[in-house]
Structures are given as structure tokens and as C-alpha cells.
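Below are two complexes that have chain A in common, paired first with chain B and then with chain C.
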Partner chain A sequence: MVEYTKKIQETAKRLLTEKKVDAVIGYRRGTLPMMNEPVLIKEAEKTDQLYWDSFCGVNLANYLPKRKEKLAIVAKGCDSRNIIIDIQEGQIKREQLYIIGAPCTGMVDRRKVWTRLGGKEPFAVEESKDQIVATGNAFKETLALADLLQDNCLICQHRNPVLYDELIAEALPEQKEVDPYEDVRAVEAMDAEARWQYFEELTRTCIRCYACRNACPLCYCPTCFVDESKPQWLGKSLDPTDVRTFHFLRAFHCAGRCTDCGACERACPVGIKVRQFTKKLNRDVLDLYQFESGLVLEGRPPLDVYRPDDPENFIK
Partner chain B sequence: MIEKILSKDELSSWLKDLGKSFEVYGPVAQGDQHLFAPLSEYDPDFTFQNTRLSPKGLVQPASERMFHFSVDPENPEAHILKEEPPKTQSCIVAGIRPCDARAYDLARINFITSDYIDPFWKQGRDRLTLMGLGCNQPCSTCFCTSVGGGPFDTAGLDLLMTDVGEGYLIRSCNEKGEGLLQKAPGKTATEKEQKQADQIKREAEAAITAKISTENLKDQPLMDLFNAPFWDEVQFACINCGTCTFFCPTCWCFDIQDEVHGNEGIRMRNWDSCMFPLFTLHGTGHNPRAEKVQRVRQRFMHKMKYYVDKYGNGVACVGCGRCVQFCPVNIDIRRVAQLMNDYKA
Partner chain C sequence: MSDPFEPKIIAFLCNWCSYGGADLAGVSRLQYPPNIRVVRIPCSGRLDPKFILASFRRGADGVWVSGCHPGDCHYIAGNYYARRKFALLKGLLEHMGIEPGRLHFSWVSSAEATKFQEVVTSVTTAVKALGPAKHYIKQMPEGA
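Let's turn to the complex of A and B:
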């Protein structure tokens, strides 16, 4: 996907020069391998900073809520779905946006690269077509991109942006054959005690830095329930009950809204499988309401409206 | 100063032996990361580069009980804060990196002053003996040599270990370390072995390619930096999570909380982060750092300007690179330091 870079730069330059937008939100090349930094470009002369490769995993829709200006934004499939949610939930207006759609072959999970390299630190990682070349202290390894993708990208069924003003590459075939909920079924099959242990183990290393929440485009509440101090709903320590309450309540707040973009899991500095908290809820919303979030601008999300024929057999 | 050579087996048995009189902590592999954990429960793995979380928590835990109290109306001592029992168990931190050891010295300035002594921090720190492990292979994100340290810096250590292949050359850095090392197994290091260790040190220092400049920070007018236009650009990507501050070995801020269960309560302090809006929220509802840009600026200004001006002791950063590696959106303190150092109003 590195070839997108030039096209993104040209598009951004054109939009800024023609004054179609006030600024462009994209990525610029990171200061270390396998990281890129979200950036806001306001001047046409600075559009050459814009960059694209398979390490653009940050969901840029996270930078939209409450912005006032007219913006162009680079959007993968998942970003575009979160842009739709931002519009539906009144965080930004469609007229404010020019969406530069980027069909996405999946983003790399740098932890998988680290694992593949067996602890050796890559000093440079270069991408070409379907592989990356990692070089470090006396080693050079070529790895296939397909083996390194984020878990959510492996099962992604919306690689193409669903809402855009312009596509910078031809649309990709969608991955029709994937089984997105295999892991959810495995958890459902556990008995209560094993399931409890499973979630207890998942949250064990949490340090409550809130990177998962803050990287999530859905978490734009002015004050999160964990930060409320009058009254204070939740203890502030690493007490396991408080840690679990944070993760699980946040997940419930994302039910029917989560696009499984993987931003939470990608941001977690201690490797928590954060998507395990949201995926079951995504599947439930799909089963109960035949609804997938962020696919159409029209209508309201199912947990946002009451319909007399809403399923209620889960109320016991 | 004494220098001894211990084989890897000898180090292992020495640490076990020390475990009889000390709680010994060391780097332990857990999942894809390392952290400092008691070696009475886990086996150490000295092949790590940096632990994910710094050993800051051994002195200032993420959550630390300070007092307990009762709220039982029948209890004549209700609402009287009782101090938690002091931490008296002596500990050895084996394999602490020189940068992390130096971080304790930077934090000491805050916790132990001529006016106040923080008893919890002091107890936590005084009980530690630091058996450092030099970094033969620094990370690409390490910049300790730019901020007054080095991969084999002995400043904060009692002992320094150098991995010389078949074993470790262990050097005492002060009397406390010497006393300990005298009783260690192994042989006195030969001149050849000392030279080998020196060579490893020189190579490691040369391997540190990341550099930052800090020489202008002291003379930069404070308000010029505070009002500099680059903060707007620096802050854009920030998501205001606590990764940088929690991973930072020199970030010391905490928040005091009371928790009551039934009639029993505790007063504790937890790591806090200047990245969080709640950090500065006043009881009135006013928040002097309500905007993200103010919080991002605060973190860098504290480390690179306020601390520099207040203590005349350099920057409040030991160059461990954790914030650089784990910031989810690639905000790089090396880049920001450069912007601050080079800025001309």
C-alpha cells in the first residue's frame, strides 16, 4: 500500500490549494519503525509530510469529534465506518468532511513482527508490495505481510471505505470467507468458571492508562464514567474489580457502535486483547438486530431507538 | 572498588543465597514483556533489553496503601488515620538498568527535600540495593548518553554487572555494594577481563545513535517556550492516555484516594497522570488545564524546562525510551526536546 502515499499527497495538496478544505487529517511517517503519527496539515506546502503504509492502524475518526472546520480525512474501511458513527451521533457534520477513501489490505500488528524476530530489535522496516524487510543489528529478515496483520484485519469484511468522496485506489475484493466470531464461540463454550478466569487473565496486566479508551473513536464522552468524581462511580486503584468494571462497562457502552477497528488493542501498551470485551457484544447486536455498525448514514443504531418488535428474549 | 567474575551458574546460586536475607527482584519474562518480579516466585531472564514497566513501582507502587481507618461509630478510634506498617524488608533489585536506577535519584529531589520527607517513598527506596546490569545492546530508542547517563553508568547503582559472555563481571560502585560483593562466589576479575568489560562498555556507548540536545533549555525564556507555536502541532496526535507517564521511570505524580468497605477504610495513593483532565480539576469545577494542548505542553515543559530551572540538575528524563516506543500515536520526546531546544521566539 506504500504507493498510496503519492496519491494522498496529491489529493491533499489539491484540496488545500483549491480551498475545498481548511485542513487534512492523515498520517506522517513515524520517528521509529512500524509507527506513523496522525497529523493535521493546514498548508499545501506541507502535504509532502503525508505518508501511507501498512502501519497506519490508528483510527483517524478519533480526531473528528467537535471540530469546527472543513476537513479532508484519509479513511480506511474501519475509519469510514467510525466517521459514519461520528456523523450519526452528532459529533461532526457530513458537509464538513471530504473523505479520501483508502481501500485497505490490512494493518500490521508490530507485536507480531517482534514475535517473528524473536526479540531482535528492528532498526528499520521497509514495506514493498506484500512483504516487509526488517533490518537490525547483524540481521535482515523478509516477512510476508499476510502473517503479520492485526487480528481484526484478518477477519475484516469491510476493507473498502463505505463512505467517501474519492477513492485513491481501486476497490479491493472483500474477504467473504472469513469467520469473524470463532473466538467468541470458543468463549461461549466455556463453563462459567473458565470464562471468569479467561477474563480475569485478560485484564491482569492492565495499568489503567486508558490508552484503549482514548484511542477508541467511540469514546468521546466529555467525562468518562471512570473519571467522574461527583459522585465517583469507580475506585481508582488496580483493584481487579475496578479494572474489570472499567473494561466491561466501556465495552457495553460500545455495543452496537463498535466497528472492530482494533484501535483499542493496537494502543494497549501491555498487550491486552481488548477486542475480546467488545466482540461478543458485536455478535449479539448482529444476531438480535441484524445490525452492523457504521455501514449506512441513514437511520439510528439499534440501541439508540425503541421499536415495539425489538427482541426481548434476553430479558430474564 | 572490587571486581569479580561470576559464571552464570554462580550468579544464579548467589541470588538464591541472597534470597535468604533479602527479597530479590529481577527481570522476569511474562508474555511478550519483561517486568521486575520477586525471584522467590519466578526465574529471572537477564536477556531482556528494557522491562516494559520501569522498576519505579518497587519504590512508588501504582497503588500504595498509606493509612487505614475505621468508620465504625462504636469504635472510639473511628476516623483516626493509622499508618500502614513500615516497609522494612531489604530488597535487592538484580538486573536494573542504569537509566532506571538514575531515575530514582531524579525522583529523590522531589520526595526528599530539606523541608519535607515523603516517608513512603523514603522507606521504599532506602530498603533497595541496586545490582545494575549494563546494556550491551541498547535499544534504538535509548538516548541516555544525551541526558547525563550511559549504558554502563554507575551513578545510581550499588553494583554493576557486565555480561561478558560466559559470565558476569560484577563491580562494586560504593561501600554497600562492596560489602555485598565480598561475600559473593566467583573469582577476582583479571586485567584481561576488566579490559573486556571496558570494551563492551565503549561499544555500547557507541551503539547509542539517538541523541537529543538540551544545552539551550536552561537559557530559553520560560514564557517563550510556554507560548511557542509548535505545541499546537505536537499535541494534535496525542490521545491523552497515561502510557508515557505510567511507563516513565521519573514521572512521580500521584493521587490520594480513600476507599471504604463496610466500616473499614484505607487511604492510598495511586499513580496519576498530567495527561488526564481529572489531574487538575478543581473542586469548584474549574480546570486550569482543560485543553489537551495544555496537558501535552505540561508534560514536556515539566521534564525539559520547569525541572531544569528548579533544580539545576539537567532534564527530568533518563533517556530510557519507553515513552517513545509505546506511545500509541508516536509522539516522540526526542523530537519535542529538539523543538524546545532549537526554538527562537
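Let's turn to the complex of A and C:
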């Protein structure tokens, strides 16, 4: 996908020169390999900083809530769905946005690259077509992109932006035959005690840094429940109960809103599969209310509406 | 010989229906197990998942939430919204390993004293059968 770079730069330059937008939100290369960073560009002459390859996993919709100016934003499939949610939830207006849609073939999980390199530290990682070349101290390895994608990208069913003003490449065929909820069903098949142990093991290494929350485009409350102190619902310690409560509530706040963009898992410094919590809710919302978040601008999120005949077989 | 296990169950009852049902059960002298500790909430829609987690964290063996029947909500639709929230909440809590019998939901109107009695009995029986809660209780450090 490196070839998008030129197109993104041209589009951004055009929009800024014609004064159609006040700023462009996109990606630029980070100081470390495989770590592209978000950037907000206001001057047309700086648009050559913009960059695109398969390491643009950060969800840019995270930078939209409560902005006042007119913005252009580069959006993958998942970003565009989160933009729709921001609009639905009144965080930004559609008229403020010029969405530069980028059909996405999946983002690379840097941990999978590290694993493949067996602990060797790459100084530079360059992408070309369907592979990446990692160069380091006395080694140069070529790896296939397809083996390195983030878990959520492997099961992604919305690779093309859902909402855009301009597409910078031809729309891609969607992955129709993937089974997104295989892992959820595997956990459901266990008995209660085994499920408890599964999640206990999953969150054992959590250091409560809240990176998953900060990376999430859905988390924009002025005061997060983790910071509430009167009453304090959640202890601040690393006690397993507190950790579990945090993960539960974080996921529950995303119920009916999560787009499975993978920002949380990508941001986690210790590699916890935090999507295991949100995915269960996504599946339930789909099963119970036939709803997938962020696909249409019209309508309200599933927890903001009801039907008189909603399922209630669990209620006495 | 140790005493038979008596569970502690936190009951969140909506002010307009289930709390009235409890009241009617009381004045009607209906007998029901004394294991519930009632917390009155203005509407089942007021129930925040945090309340349920806080109950478990502080050692409740079971939680029961009860509100008005669909269509009877004092605030017109509070229980409809609550119903969607409860479905997802129960699903995720059980997915995480809380036993299905620890968390209960019901609709009890203020005229249904006998239904109140039946539900308290069945909730208590279910929780009793599971034994004391093993998970999700926060152990306070000594001196805290």
C-alpha cells in the first residue's frame, strides 16, 4: 500500500492550498521503524511529511472529538466507521470533515515481525508490494505481509471506507468468507471455571497503564470511570479483581459501538488480547439486535434505542 | 458442625414496581428467605453495571435486579433501555466466568406480592446451590 503515499500527499496539498480545510490529519513516519505516528498538518508545504504503508494502525478517528475547525482525515475502513460513530454521538459534524478514504489490505502487527525476526532488532523496515524487508545489524530479511497482519485485520469485513469524500485507490474486494467470532465461540464452549481461568490468565500481565483506553476512538468522556473517586468504583491497584473490573467496564462502555479496529490491542505494551472482551459484546449485539456499529450515519446506537419485543428470555 | 450456608444477595429493586411488590409481600405477611439486602433504585434503567460489580467485589454471593414489567415503566421506557443493557451485561459477565446462577433479573409489579415471594425463593435457592462466591471478591490488605 506504499503507493498511496503520493496520492495522499497530493490530495492534502490540494485541499490545503484551495483552503477547503484548515488541517489534514494523517500519518507520518515515526522515529522508530514500524511506528508510524499521527500528524496534523496545517501548511501545504508540509504535506510531504504524510506517509502511508502497512504500519498505519493508529485509529485517527481518536483525534476528532470536539474539534472546531474543518478537517481532512485519512481513513481506513475501521477509521471511517469510527468517524460515523463520532458524528452519531455528536462529537463532530459531518460538514467539518473531508474524508480521504484508503481501502486497506490490513495493518501489520509489529509483534509478529519481532517474533519472525527471533529477537533481532530491525533498524529499518520497508514495504514493497506484498512483503516487507527488515534490515538490521548484519541481517536483511524479507517477510510476507500476509503472515504479519493484526488479528483483527485477518477477520476484517470492512476493508473499504464506509463513508468518504474521495477514495485514493480502487475499492478492494471484501473478505466474505472469514469467521470473525471463532475465538468467542471457543471461550463460550468452556465451563464457567475454565472461562474464569482463561480471562485470569489473559489479564495477568496488565499494568493498568490505560493505553487501551487512550488509543480507543470511543473513549472521550471528560472524566473516565477509572478516575472517579467519589464514589470510587474501581480500585487503583493491580489486584486481580480491580484489573478484571477495569477490563470489564472498559469493554462494556464500548458495547454496541466497537468497530474492532484493534487500536486497544495494538497499544497494549504487554500484548494482552483485550479484544476478547469487546468481541463477545460485538457478537451479542449482532445476534440480539442485528446491529453492526458505524456502518450508516442514520439511526441511533443499539443501547440508545429499544424494541418492545427485544429478547428477554433471561428475565424471570 | 458448621452452619448451613446462607448466601448474601443484593437486590436492586425499582422504586415504582418491585419495591412496592416487596412492600406488599411484607404487609401481606408472605414468608420468603431473609437472604436479600434491598437497595432501592429509582428505575431499573438507573442500574449501572458498576453497582453489580461493586456488589460482587464486596462479597455478595448473588445479585438480583428487578423492575417494572415492559410497558409499565413509570418513566415510560426506562426498563426497555435497561433490558438491552442487562442482556449484554449478563452475557459478558458470564463469558468472563461468573456462574450463570449468580446474577438474576426479573419484572415484578407492585401488585405481584406472590411473584415477589416466588422470585426471592428461586433466586436464593439458585445462589445457595452454587455455594459461597469464590471469584471476583476483592481481598482487602490487612489493616485497610
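Basically, the second predicted complex is superposed on the first by the 313 of 316 C-alpha atoms of A that agree within 3 Å, B and C clash if a C-alpha of one lies under 4 Å from a C-alpha of the other, contacts with A are read in each partner's own complex, and residues count from 1 in each chain.
FYI, contacts are C-beta pairs under 8 Å (C-beta built on N, C-alpha and C of every residue); 3 or more make two chains touch, one makes a residue touch a chain.
Everything numeric in this text was worked out from a predicted model, so none of it was measured.
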Message = A:F277 in the overlay: touching chain B, chain C, both, or neither? Say first, second, both or neither.
response = second
Ask   = Between chain B (first) and chain C (second), which does A:A144 come into contact with in this model arrangement: first, second, both, or neither?
value = neither
Task = In the overlay, answer first, second, both or neither for which of chain B and chain C A:V285 touches.
result = second
Task = Could you look at A:L297 and tell me whether it touches chain B, chain C, both or neither (first, second, both, neither)?
result = neither
Inquiry  = In the overlaid three-chain picture, which partner chain does A:G235 touch, first (chain B) or second (chain C), both, or neither?
reply    = both
Ask   = Does the superposition put A:C221 against chain B (first), chain C (second), both, or neither?
value = neither
Request  = Classify the contacts of A:Q197 with the two partner chains as first (chain B alone), second (chain C alone), both, or neither.
outcome  = second
Chain B/chain C common contact set on chain A = 235, 239
Ask   = What does chain A use to touch chain B in their complex?
value = 30-32, 35-40, 58, 62-63, 111, 114-115, 119, 121, 123, 137, 205, 207-211, 213-215, 223, 227, 229, 235-239, 266-267, 269-271
Remark   = The chain C residues in contact with chain A across the complex are 49-50, 53-54, 57, 70-71, 77, 80-81, 83-100, 104-107, 119, 122, 135-139
Note = chain B residues touching chain A in their complex are 30-33, 47, 49, 52-53, 62-63, 137, 139-141, 233, 236-237, 239-243, 246-247, 255, 257, 259, 268, 270-271, 273, 276-278, 281, 324-326, 328-332, 334-335
Request  = Using the touch rule from the top, collect the residues of chain A that touch chain C in their complex.
outcome  = 184, 187-188, 192-200, 225, 233-235, 239, 241-242, 244-245, 248-249, 251-252, 255-256, 277, 280-281, 284-285, 288-289, 302-304, 306, 308, 310-312, 314-316
